Each structure stands twice: as structure tokens, then as C-alpha cells.
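Before any comments, here is the structure.
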Amino acid sequence: MTLVKDIKWIKGKKITDLVKDLSSCGFQGVELGKATECIIKMKREKAKIYLTFTSNMATSGLRGFFAQLIELGMVDTLITTVGSVEEDIMKAIGEDFIIGSYSADDVASHEKGMNRVGNLFIKNESYEKFEAYIKDVLKKLYEKKNRYSVSELLREIGLMLNNENSILYQAAKKNVPIFCPAITDGAFGFHLFLFQQDHQDFMIDVVKDFSNLIFSSTHDDKKGIIALGGGVSKHHAILGTLINGGADYAVYMTTAREYSGSMSGATTREAKSWGKIKDNADAVTVIGDVSVFFPLTMMAALDVLSEEELIK
Amino acid sequence: MTLVKDIKWIKGKKITDLVKDLSSCGFQGVELGKATECIIKMKREKAKIYLTFTSNMATSGLRGFFAQLIELGMVDTLITTVGSVEEDIMKAIGEDFIIGSYSADDVASHEKGMNRVGNLFIKNESYEKFEAYIKDVLKKLYEKKNRYSVSELLREIGLMLNNENSILYQAAKKNVPIFCPAITDGAFGFHLFLFQQDHQDFMIDVVKDFSNLIFSSTHDDKKGIIALGGGVSKHHAILGTLINGGADYAVYMTTAREYSGSMSGATTREAKSWGKIKDNADAVTVIGDVSVFFPLTMMAALDVLSEEELIK
Amino acid sequence: MTLVKDIKWIKGKKITDLVKDLSSCGFQGVELGKATECIIKMKREKAKIYLTFTSNMATSGLRGFFAQLIELGMVDTLITTVGSVEEDIMKAIGEDFIIGSYSADDVASHEKGMNRVGNLFIKNESYEKFEAYIKDVLKKLYEKKNRYSVSELLREIGLMLNNENSILYQAAKKNVPIFCPAITDGAFGFHLFLFQQDHQDFMIDVVKDFSNLIFSSTHDDKKGIIALGGGVSKHHAILGTLINGGADYAVYMTTAREYSGSMSGATTREAKSWGKIKDNADAVTVIGDVSVFFPLTMMAALDVLSEEELIK
Amino acid sequence: MTLVKDIKWIKGKKITDLVKDLSSCGFQGVELGKATECIIKMKREKAKIYLTFTSNMATSGLRGFFAQLIELGMVDTLITTVGSVEEDIMKAIGEDFIIGSYSADDVASHEKGMNRVGNLFIKNESYEKFEAYIKDVLKKLYEKKNRYSVSELLREIGLMLNNENSILYQAAKKNVPIFCPAITDGAFGFHLFLFQQDHQDFMIDVVKDFSNLIFSSTHDDKKGIIALGGGVSKHHAILGTLINGGADYAVYMTTAREYSGSMSGATTREAKSWGKIKDNADAVTVIGDVSVFFPLTMMAALDVLSEEELIK
């Protein structure tokens, strides 16, 4: 029986100590504390870790943190949407995004070529630079061969980017596959289409990547899911682990509601009815904005794992 | 200047009259009323209508309503996730889903082979029947040819299903393309993979479908989006219209929050900063559970359109 | 075992038929259908019905609907916040509220004397008229006596208003007490304070009203709660029924989340742990915007109750 | 123009550094960073600070943090609901609350006398001890005089509690008034009622407290609001500052949605249309669970304020 404990400020408090406080404070703090514990266990138990996130997170500064997590060996399989790929590349080739406001005048922003993502902005220019870059990349890759699975394609691009903060770069360096099941759903898709117009034999093989997903862990491996936000990325990780017997550890972090019956809002509890997560798994659903909750949760876990020399 | 009007019950009130009441009552009722107006205008102005929804809605009884909307000519392009395809097929081949509870015992449900989707259940058996069916279908389709775009594949399946309430069937009959950019993200994907194991030359061409999406409307067409829920389906419709100059009409209906910066929670206002929706478009964001809000909104629109003989 | 049924539009469909459809369609539609059933049972079983709502609902056109519900005998005890009282009086003395927009320029609105409530506006003038009126009323009431409980005060005001659509008027006419535990929390409170400055012996007795609340039902009465939104109104109804043995029927309708641990977001399930609602009560939590969900739910119930001659 | 910056873990990172990271990371992290800045300014500018919170927060371990904030001189006026008062007293007289689960079996909990508040439990025993204590307190206070405003009553109780972690104790010690406009809405109200049954001349004067609220700051004082959650506490602080010319600083932190038009979900932007917050005020709305967001925000502010010797 854990009792609620009154929390106190002391000057210069560390994240790790705050997370400890929150664990016995109440409400989502308690769940966040459990999530930290769950991530620590994943690593202690050498689970294969599936990290998933939506593209708005790669728009934000979490992008560099994700790259660092890959570098630290905290990710075995990464699943995201094509927006993340595009924005990671933009940043890797020198573009910057801008802090703005949720209540910006959107018509005025449009005229200025500023595309809004919540309280952030991406300039039209950044898209133009991305497009010039990707056109060139596709040409180079086509010279090698004409049929790529998505994860293979992203690995090749990662190898070309030389940027420590890049998700694609770190993933390529560490042999972490990036799955992106809806690869055409973005500016990238448009350029694949344009390229295929001129090179009819150029093929993206999404079905092949399904086998890569399945073989990224085995039935015997312990498996952990860290799903940030919802959508196809979350579901794809679940599917990958389900086929291999279900996850042993799961942290879902989202603002979506379970009451609409959407997969995005579905809890780890619901996942057990499917065998997506094992009946006896260590699983926690945290309801909150990932931009705040995730760094807090994960940095507290990293402090412990570093202490235990489980990360470099 | 519209004034708030007190609303009143009268016995046997019709949906259409309630929606009229709500339009001057306040809060989401006002937005719902605008959404009804917006849909009516789409049709009056002969806009190409893009309907998108997430798979949980196909799990629910909205599935038959979507099929009816296609039949009535209310949909020109349909975009959804693979879960919708799977569940539409299950129902078309005779399976039923069950009303349950959000607080069901999920471990017990797992043992009984009952997979929970919010307050609904899908039996393991329904998946088994689907899998047997799809295996057979893939064989037949492969006999015809070995390379399909997703929309082409779904059209072929739709033609085989003979079920008035089926989304795929009605879409095939009415030549409405169904796009499903992450076709591998489900049991269907698993069977595509198994089939490809034995038939290495069998290819799903997702890039090809991008061109089908683009050519499903022209720059000159008026374009309208009805996006129910978020995710890749919503984004894909936006992308399709963006490339053709942006939507003239848009109704977004969701429970997702804009404050996390996700595309799922992004409003029609945010879309204008991108040119996804034209600056002067008729656009409305309705915050609410689609299972209740959409039938109310759309049925009120259908009553008017039927009166004006704009639907059959 | 209830099966999910595909729903269909037919021209001129009635609310009652839509609610029937939603009951076997899925997600919040199912819960809304249960709420309708629960309200019907409350009335069939002659339960004392506690209706609670927040002041924004009285700002909206639900105000006239609440007045009608009282007139129809659907309410035995009403609990709300002082904003509802103020806005009901404003409308009763001829003021109108205006439909606006969530994204109005708030600084500009301030300059125009337009106070925003979501997508509605209340003019400064309406407050001024209310204040002139209430000043006069307090003088008249003080002539009668100098100590009032809140419900007594509101009843006296109700008797003075001669407006069919007024909540206070209908409640006074039907002897339905209105409790408003935080009576000072608004412009009304300010005028009570000003009046007390000049009449030191003028007292509002909130403690006395607690006894009125308790005696508004007995332990033996069946009791039903319809709580729209959260806050002190919801909690006060719960408290009133708890002291008398707990509610037999409860419908909670809200957009608040249970994950923050707030009473506003607390579900009917949580209420059972307290005995606020009986273990075997008929209780349902509906997650959705009251401005749309409540008229739909209640009007469908009224149609049935009218058919059964349980309302006039 | 602030650019989005990639964030990085370093071992033993401090809260203050994380909040700095979040300020240029994106989404709610940015707003949280602004909230920290806003609180720092309130103190630098010697604003009168109104702190409001809902009772679930006093159930959680934030209670001790609130007490510490009062002790540190961060609060000039405190407004909350009666549940906070009750639970602060329970803890001050030795009761403990328990960490539980959102999905606990509520009927079983009821049988065990465990009342659920989200993922926390309060035992029946704790209520019994509170009730015995409060009965005795009322007797003692009545011996002194028979008419109390609420803030006076709470101050007297605070003086009797000798507990460093108690909100009431610290507030009494520091002469910080506690307003609780709906004082009867809880077990406390029930005991006030019982006491008044036997002592008819015992009066709680809520109207008097309105004057105390108004005079807790002047028109000339700079005024800051920190509103955690919504409800009557938030509104009462707004009302108090509105009457004195509006707030110069405001931080709203909540999970409530603005789309329902409720005051709880109303943003600082909406407040400007009312003059509740000055047109040029420094104001920020943060959407997130207070149990995590508030300690993070406030502890980062305290680190800076301590550095600047603005708190002891």
C-alpha cells in the first residue's frame, strides 16, 4: 500500500527526484512514475524496444532527443509517419522551425509562406529545400537498384545525412530499422510519384517491409512498446509485437480519449483483450502532452539506466 | 447578427428541426449546424467530396451509413485505414460485432477471444473468416495480374462482395476509389506478406495510387473534405486536395485536441496556413464524438438535399 | 447480446428513431441511448429528479429547454451556479445573447463591450440591465424580511419574473427549489455585498439551504441525478442524494476527463465507491458536448414519456 | 524569432534546465515555459498573487506543495472548494490517503469503505475523524462568537492545526485569506447544518466574505492569477481581480476544453473580452494535468526567484 506523499520544492531539484515525488503524489504523476519504471525494466530485461511517434513530435525539439535515444541504444525498432522523415531531413540539411502561437492569423501566415503546426511554424522554403534534396537522393538510389522496401530506403538516406541530431542518421548508424507504413502520405510521396512517372520500373515495396517488421523481433524476445501519440505508427508497432506473441512491456502516452473507440485513444488495458500486450505485461497508459511528459519520463529513466551502466 | 434562441421540445421532432434549433443554441451545436450547411453547399456547388474516417467507425454501425452515402452519390473519393477494409469485409461475409462495455475485464475478454474496440467487441472467429476469405481473393486476383495499386485491389474486392451495406461494394459499384495509404497495417498486410512469400513477383504499388489520388480531382474542380477523426486518412485527403489547389469546403469532426500540435487535432483554421484549405473556403471544425455528431449532421443535410433533388 | 447494427438515413427521420439507431451503432451513441433509457426509467419509477448544469448552458438556448423540462414535471430539484441565475434573469427582462466565434479578437470584443462565452457573446448592457433590476428586487425583498436562504431568494425572484422561458419563473411556479451553493460568485454576489453594506442585518443563510437540500427528498424516495457538466452543481446534487442513501439512477454528461481526478470528470462508476450512487443503480456516463448530446437524449426520452402519458 | 531547439538528456539534469529546454521545444512545453516566466514576473513586480485549485489537488500530494508556497510568500489570496479544506484537515490530524488505480472495482471499494478520487483512495475512517474534529471545533468557535465569514472561520481552524504541511495552518500563519464560496458543498456543510440545528443563531456570512475578497487587493496593486483547474475557485479569483481592474498576469492550467463554452475551459484569451485580464496582460493558458505540469512550472520559477532572493 503506497501512501500519498506531500511534495516539496528544494532548490536545484533534479528531474529524477521530481519523478520520484510525482510517483506518490497522485493522478497522472503516478502513471508517469510507473512509465519511468516500465522503461527501466524494458532495458534491464533486454527487451526489444519499439518506439513510435507522430510527425508533430519530429517538428518539435523532441527530434534531437529521439536521435539521442537511438544513439544510446534505447531503440530497436522505430515507427513513424512520413512527416517525421521529411522534417528530420529538413533539419539535417540546415533548416530551422520557428516557435509561434496557436492563435496566429492563419490566412496572414499563408501569405507569408509560414505553415502552422500547433504553435510552431515551418517555412515554405524548408519544403523547397527538402524537395530539391530528395529529388537528388532518389536519382542516386535508383542508380543502385529499382526496388526498395521503405525501411531500406530510409536507411540509405540516413547514411547520406551527416547530422548527429538526425533520427535517420542515428538509426542508420545503429542499424535500427525505421518503418513508415504510409510512406506516400506527404511531400515525399509526391516526389516518389514524380520519380516513378519517369522511371516506371521504380518500386517501393511496402509488403516486403512487413516481413522486415515481423523479423525485427522473435517470439522469444522480450518486447517493449513506447507509443507516443496514436495513429498508424502506434498501431504498426502493436501489430508487429502481436504477431510475435504480444508485448511484455508497454507505455502509451497520448492526449486522445478512449471514449471514441479509436485506436489512438485505446489504452494498454484494451490492448490486452487483443493479446497485443500480454495478460501479465507491465503496461501503463499516461494521459498527457508528450512534449512535456515524455522528456520527464524518459530522462528520469535514463538517469537510472546510466547509473546501472545499462546505457553508454 | 444571429441571436441565441431558446430551444423547445415538441413531440416527434425531426432531426432536421433539431439541427436548426442547435444552430442558434450555442457551442458545438452551432458548429454542427454550420457543418450541415457546409455539406449542403458542397453538393449544391457540385464539389468533389473526399470522405475520410478511421477504422473504429467502420467497426460501428456507421459502416452501413457510409455505404449509403456512397450509394446516394455523396462521396467521390474515400480514404480510410486498413482496419475499415477488414471490418467491412467481415460484415459483408456475415460476421457480426457485439455491443459491450468500456470497462469490460480485458484479460477475461482475451481468454474468450473477444477483442475490444471501445465499447464494442470483435470475435477472433471474425478475423479467422476474414483471413480465409482474403487468402482466396488474393489467389484469384493474382491469376489476373501481379501488380495492383491499393485502390485497384480494393475495387476488385468490392466487386466480389454482394452486400448493399458494404462500403467496398458500393464504392466499386459507383466507381468511387478507396485509398488506403497504409494498406499493410493490419491483418490484411499480414496476408499480403504471406502471399508475397510464395509469389515474389506480386506487388502492391502504393506510389501508383498517389497518382490516382491526384487525378481524382482537378485544379478546377470545387473540392470538399469531410474528415471524421484524424490520422493518415484525414491527412491523405488534405494532401490530395492541397496538390490540386486546396479545398473549397471542409468539415473536420474529431475529439482530438489542437494543443498537442498533432495533425489529427489540427483545425480547419490551421489548414489555411498551409493552403490545404483555401483562404476564403467554407470550413468548420466540430469537436465531438463522430458516432453521434456525424449522423445528426449528415442526416439533416440529406433531408435538405433530398428536398432539392440533389440526391436520388 | 446486442449486435452492432448498420444505421441508415430515411427522409424526415425523427430524433427518437435516431437515438434508437445510435443505441446499437457504437461508442458514445450507445451511452447516449442508455442515458435516454435511464431518464425514462427515472420518471416511470417516480424518482425525485435532480437536474444540475453549469452557467454556460443557461447562456445558450438550453435555458428555454430547462424551463420547459421544469414545466413538464421532469425536475424536482435544480442546482446550478449563479451565472445561470444572472443570465436567466437577463433574458427574462428582454436581453438577447449573440452567436459569435471561438476565434473572435478578444481585445477588440472588450472594447466593444462584448463578453465572450465560447462562441457566444453577452453585452455589457445586459449586465447593466441585470444590475439595475436586481438592486430593485433586493430592496423589495428586504422589506419583507432580512434573512433568506438562497433557494428562498431565488423563488421570490422567480415569482416576479413573468416569462414562460425562464428557469426561475417555471421553478417558482412548480415549487421546484433552485440551489446555488456559491451564490456570491458573480455579479449577483457583488450586489448582495453592496446591499449588505447599507443593510448590515441583511443575511443570506447558506447553511439553512443545506437543510432544504436534504429535505428535498427522503431516504425512501427513489432518486435520480441528471448532471450536465461538472463543478459545484454536480457535486451538490451528489451530496444531497448521498445523505439520503445514494441515487438509484444517474446520468452524467460531460467533456471533462476522469484522468485528472477531478470531481467534474468523475464517472458514475467512481461515484459508486462513495455510495453516491447505489451499487445496483442504473447509471451511465456520457462523454460529449451537452449542447448537442442533451437535447438529443432528453427529447427522445420525452417522446416516449409523452406516449406513456407520464408527462403532460 | 525563437527557433525550435533539439533537446538532449544529460545525466542528473535539473528541473530548471528541462523547463528551459521545453520553452523552445514545442507545443505545451512552450506554454509551460511561458507560465514559469509569467510567475517569475508576478513576483518580481510584487503582484498580489491569487492561487486557486480544485479539491482533488488537495487530495494529492500537491497539498504540501501549496502549503510550502504559502510559507514562501508566493500566495496572497487562496481560493478553493470545501473538499480541499476537509482533506487538508484530515491530513493535518494524521490521516493518510492511498495510491490506487483508475480501474479499481468500485463496488468492492465501496464495501471496503474506500472512496475513489481518480487513482487515489480516501478511507471512510478519515471522514469520521474529520467529522469528530470539526464538531469539536465548531463548538469552540461558537463560544467566541456566532457569526463568521468563511475566510475568518478557516483562519481560526488553521490556527488550531499545528502542521507544517497544512494549507490552512500556513495560510493562517501568513495571514493569507482562504476563500471558499461554496462552503456548504461537502461534509463540512453537513456539520455546519447539524450545528445550526442546535444553535439557530449561528451564521456563516458568505456575503461578508465578498467584501474580504474585494479588499484583498486594490485597483492599484498589480494582480496575478494562478488558476489550477476550473470551477468556482477559478471564477472567484477572476471575479475578485475583475472588480479591481483586471489581472496583470495570469496562468491558467487545466485539462478542460474551451469548446464547450464552460468557464472551466475558458482561456486567458477569452478572459480579455471581459476585462477579467487586462488587454496587455502577460497571460498564458497551459493545457495539461496539473499534477505534473504545476510542480514542473512552479519549481523552475522558485529556482529563479530563490536565486534573485525574491523568496526566502
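Labels for the chains are A, B, C and D, by order of writing; each one numbers its residues from 1.
Note that in this section a contact is a pair of C-beta atoms (placed from the backbone, for glycine too) under 8 Å apart; a residue touches a chain by one contact, two chains touch by 3 or more.
As the structure is a prediction and not an experimental result, all values here were calculated from the model.
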Partner chains that subunit A and subunit D have in common: B, C
Copies subunit A and subunit C touch via same or different residues, half shared test: same
Farthest-lying chain, centroid of Cα atoms versus that of subunit D: B
Mean-CA-position distance for subunit B and subunit A (Å): 26
Between subunit D and subunit B, distance of the C-alpha-averaged centres to the nearest whole Å: 44
Interchain centroid distance [CA atoms averaged], subunit B/subunit C, Å: 36
Shared-contact residues (touching 2 or more other chains) in subunit C: 26-28, 56, 59-60, 103, 118-120, 257, 259-261, 269, 287, 289-291
In the complex with subunit D, residue positions of subunit B that touch it: 26-28, 103, 257, 259-261, 287
Of all residues in subunit B, those that touch subunit C in their complex: 1-9, 11-16, 18, 21-22, 24-32, 56, 59-65, 67-68, 91, 96-99, 103, 118-120, 165, 269, 287-293, 295-296, 298-299, 302-303, 306
Subunit C - residues contacting subunit D, complex: 54-56, 59-60, 81, 83, 102, 104, 106-107, 109-110, 114-120, 181-186, 189-190, 192-193, 196-197, 202-211, 214, 229-232, 235-236, 239, 243, 255-266, 269-275, 279, 289-291
